[in-house]
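Sending over a structure as structure tokens; questions will come in a sec.
Residue numbering begins at 1 within each chain, and the chains themselves are lettered A, B and C in the order written.
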Amino acid sequence: MLRAILGLFAILLVAPIVPGIANRVKSALTGRRGAPVLQLYADLWKLWRKGVVYSPTTSIVFRLGPAVLAATTVLATCLLPLDGATSLVGFTGDLVAFAGLLALGRFMLVLAALDTGSSFEGMGASREVTIAAFAEPALILCFTVLAMATGRLQLQDMLGPPLAQAWLAAAPSLLLGAASLFVLSLAEACRVPVDDPLTHLELTMIHEVMVLDHSGPDLALVLYAGALKMTLFGSLIVRVLVASVAVPAPVALVLLLGGLALYGALVGTVESGMARLRMNRVPQILVAASAIAGFGLILLLK
Amino acid sequence: MHSFHELILLLVVLSDFWVLGTTRLSSTIRATAIQGVLLAALPIALYLHPSVHLIGLALGTFLVKAVVLPYFLTRAIREAAVRREIEPLIGFTASLMLGAAAVALSFAIAPRLELGSIPSAMLVPVALATVIIGLIVLTTRNKALTQVVGYLILENGIYIFGLTQAERVPFLVELGVLLDVFAGVFIMGIVVFHINRAFDSLDSALLTELKD
Amino acid sequence: MLLLGLILLPAAAGLLATFLRSVRSRVAVLVGVASLHVVGTAWLWWAHDVSALGGWLAVDALGRIVLSVVSLVFLAVAVYAIGFLAAQQAKGRRLFIRCLLAFLSAASLVSLAHHLALVWIGMEATTLALAPLVFFKRDRRSLEAAWKYLVLSSVGIALALLGTFFLAAAQVDGRPLILEDLILGAATLRPGLLHAAFVFLLVGYGTKMGLAPLHSWKPDTYGEAPSLVAGLMAGALTSCAFLGLARTTEVMAAAHQTAFIQPPLLALGLASLIISAGFMIGQADLKRLLAYSSVEHMGLLAIALGIGGAGTYGAALHLLNNGLIKTVMFLAVGNVVMLSGTSEASATRGLLRRAPITGALLVAGLFAVTGSPPFGLFVSEFTILGAAFHEGLVWLAVVVLALLAVIFVGMARMILGVAYGRADADAPRLVETFPLVAGSVLLGGLVLMLGLYIPSPLHDSLAEAARALGGGAP
């Protein structure tokens, strides 16, 4: 239990570094110096101390959005076995709760965006939901691959020791699942090629445009939840891949943190290599991710 | 238990998906070249003690499918000045979904075919899926060059299926090379006559007849 | 030795023709080889049980019938080529004769091969040999036609190869893919793979035959190719493709799978009849009309195979009749094109007065091709419909009859308009030289003879072919 709490805090603490690494690697690969890796901490601290401005047209929904988003994302983190063996909270079928919590956070954020009554936010919300409609089936498919491979329905087992066994029998499927998760993580973390976190042109933004009206601590929560979500997906991928070697729990946690750094670097490399896709091509790569996971599933079924 | 050939077959299916999902022609050609390399490695990976015949097959496949045809396809792109598939009959997302359905269908059908002893259980489903995906590309894309790529994928699927019989019936798989002759003719047509789009029907009267 | 000669002689002659400088000598080689081929083929009707290359090549009843069609059609086309090439510019002549001879070689291989992979190789070679000839006119339209022909045929050929692989996989013992061993060991073939093999071979060779809905290359190709090439395709190439399908049917019949093959054969056959009937009405071009007529007759052949019983006898006879009469029709239309410069029906009127023999051949051909007595096609279509009644497929016979009636109206309206009609007084006349009509008259005479009297060796052969296809003589 203590180890699990320790793991949770470690992840909550390092979450803002992961996008920092990605941005720094991207800058370096495109020949710039870029912002410091720890930049997001400074941003969060600055925002936290600022006041909040609420438009008179908004209601309580707008104020709830960021809080619920942050809370659900942290709760989802509790479901993952970060030390490789046990998760803080776990029950049979908690993989659905994981997907549901993330969906709930996104739902509240979308509602908050719609609550502003601005056409920009509305457009961003519609795009976010379009992407979610393709991303969520892909996530469930990836989880199904893990569940089929391990024969378990609890994240703690699906990503824990039984997974190490599954690697011996179903390596191709798990590799496909991890590949699918990676594409999915780019969409969920709003990175290139799905979304561009650096753009500030309203017409091309997806996630950013949705949160334009948030300010101060609210914006800090949104930014933090975004970083945490990226870390969550990174952890999922790292856990799936790292599980192939069985190690004691403290080492597993170190491996996880190291893996997250690598994941951030990989995302940065991908970003430096390609441009954001046109909006109508985004569903396509998510369908491709689903197809890859589905293929992994087929391999398990045969 | 998961051996090298299963990994190869897996990558073959992924390269099929790659072709289904990309608009850039140079990228689809790269996918076929990679598929050619995979197919050349396949006979050696399948049979642990390959005969001279199989090694020759692998070398020939590598030469034709991974070197010669991709090279000429790349030349054809330059000659015909086409870069992207712009208006496929079925959207890329939909064709990816079709491709996924094809893979599922192939894995569902393959066990019913009761083949005797074959070197890998994945061989037949991957062959069927590749054939179907080749047909999908062939029928839903408008650019002549993409259709050639689709045809090559179809051919590759047939080649994979032929490998199940490679030991029993000598020189059957090699017949697939004769199909490459067609591919060669198509590429030649594109280079010499600058055929850019595939043709629709010649008969405009026929189109009006179809309407009523 | 004879079998190898039938295949290799045309190929060697094709090479020789490359080195001959004068057109006259090249055409002489063409006609000479065609005549020798006919003699060799005729010899096969007396020399029984010939085989070569350890059973890879052999003669059986069906193969002999197809080879005879190929050989006769080719002779007629070769003689016609004398007149045709005389009227053309020098461009492309050398390639022309080489491709024709290569086709003869490949078609002979298809007819004689008893190794199904060899059948496939021959089929691919026939496709490739005729492709340059479709592009004979060197213009945009013919390029388009050649492209479509190649794309669709190549897919068909590829699927046929897959079907052949499946057949090899279905076989448990015996020499792989040798027809006799497949039939002998039919009981041990694995049914799942056998079914898959049949489906792929049906689609593959069906594309080459031009069965609807895989026929879309046919009107364009026949419309753009020179008439004698179109005649060769409609007469000989489709017969070879049918032989590919028939070989498969032989194996399926031996494995007692007739219940499995009947529905797809009938479905494709009926679709071909319906589509050809629909597109013949209101057709404006003679060659496209004949192309749809070819689709129709391929459909009839598929239906005949599907019916089984005496239908198979009808199929073998119909194959012979259709191959001969289609060439007659296309060569006659070739003369029309020579006269008017186009195959559009509206451009030509009063053909019977301006080119009497061609006109007469066209009108006679119209009645023959639509299955009117006293021509051979009446007998074969009657046999097929009779078999349908006999096998309890009355609805099928009724539907086919109705469609044949529609087709008759569609063809008659157009061809009679060309043959009669009122021509301008000063409209040019065609000098019908011997090469331009001799082949057509010969083949037309044979079709007429087959309607009145079937010689007993031929009857025996047809009955033997029918038995191999799982049926029998009526």
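Heads up, the rule we're going with is that contacts are C-beta pairs under 8 Å (C-beta built on N, C-alpha and C of every residue); 3 or more make two chains touch, one makes a residue touch a chain.
Note that the coordinates shown come from a computational prediction; the quantities given were computed from them, not determined experimentally.
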Chain closest to the middle [Cα centroid of all protein chains] = B
Which chain maximises the distance between its CA centroid and that of chain C?
-> A
Per the C-alpha centroid definition, the whole-Å distance linking chain A and chain C comes out as 64
Averaged-CA centre spacing for the pair chain C and chain B, given as whole angstrom | 31
Distance in whole angstrom between the CA centres of chain A and chain B is 36
Please name which positions on chain A make contact with chain B in the complex.
-> 168-169, 171-172, 175-176, 281, 283-285, 287-288, 290-292, 294-295, 298-299, 301-302
Write out the stretch or stretches of chain B touching chain C in their complex.
-> 112-116, 131, 135, 138, 144, 147, 151, 154-155, 157-158, 161-162, 164-165, 168-169, 172, 175-176, 178-179, 181-182, 185-186, 189, 193, 195, 198-199, 201-203, 205-206, 209
Mind listing the chain B positions that touch chain A in their complex?
-> 1-2, 6-7, 10, 13-14, 17, 21, 92-93, 96-97, 99-100, 103-104, 107, 111, 121-122, 125
In the complex, chain C touches chain B at residues 117, 120-121, 124, 128, 131, 141, 143-145, 147-148, 150-151, 154-155, 157-158, 161-162, 164-166, 168-169, 172, 176-177, 190, 192-193, 196, 216, 219-220, 223-224, 278-279, 282, 284, 288
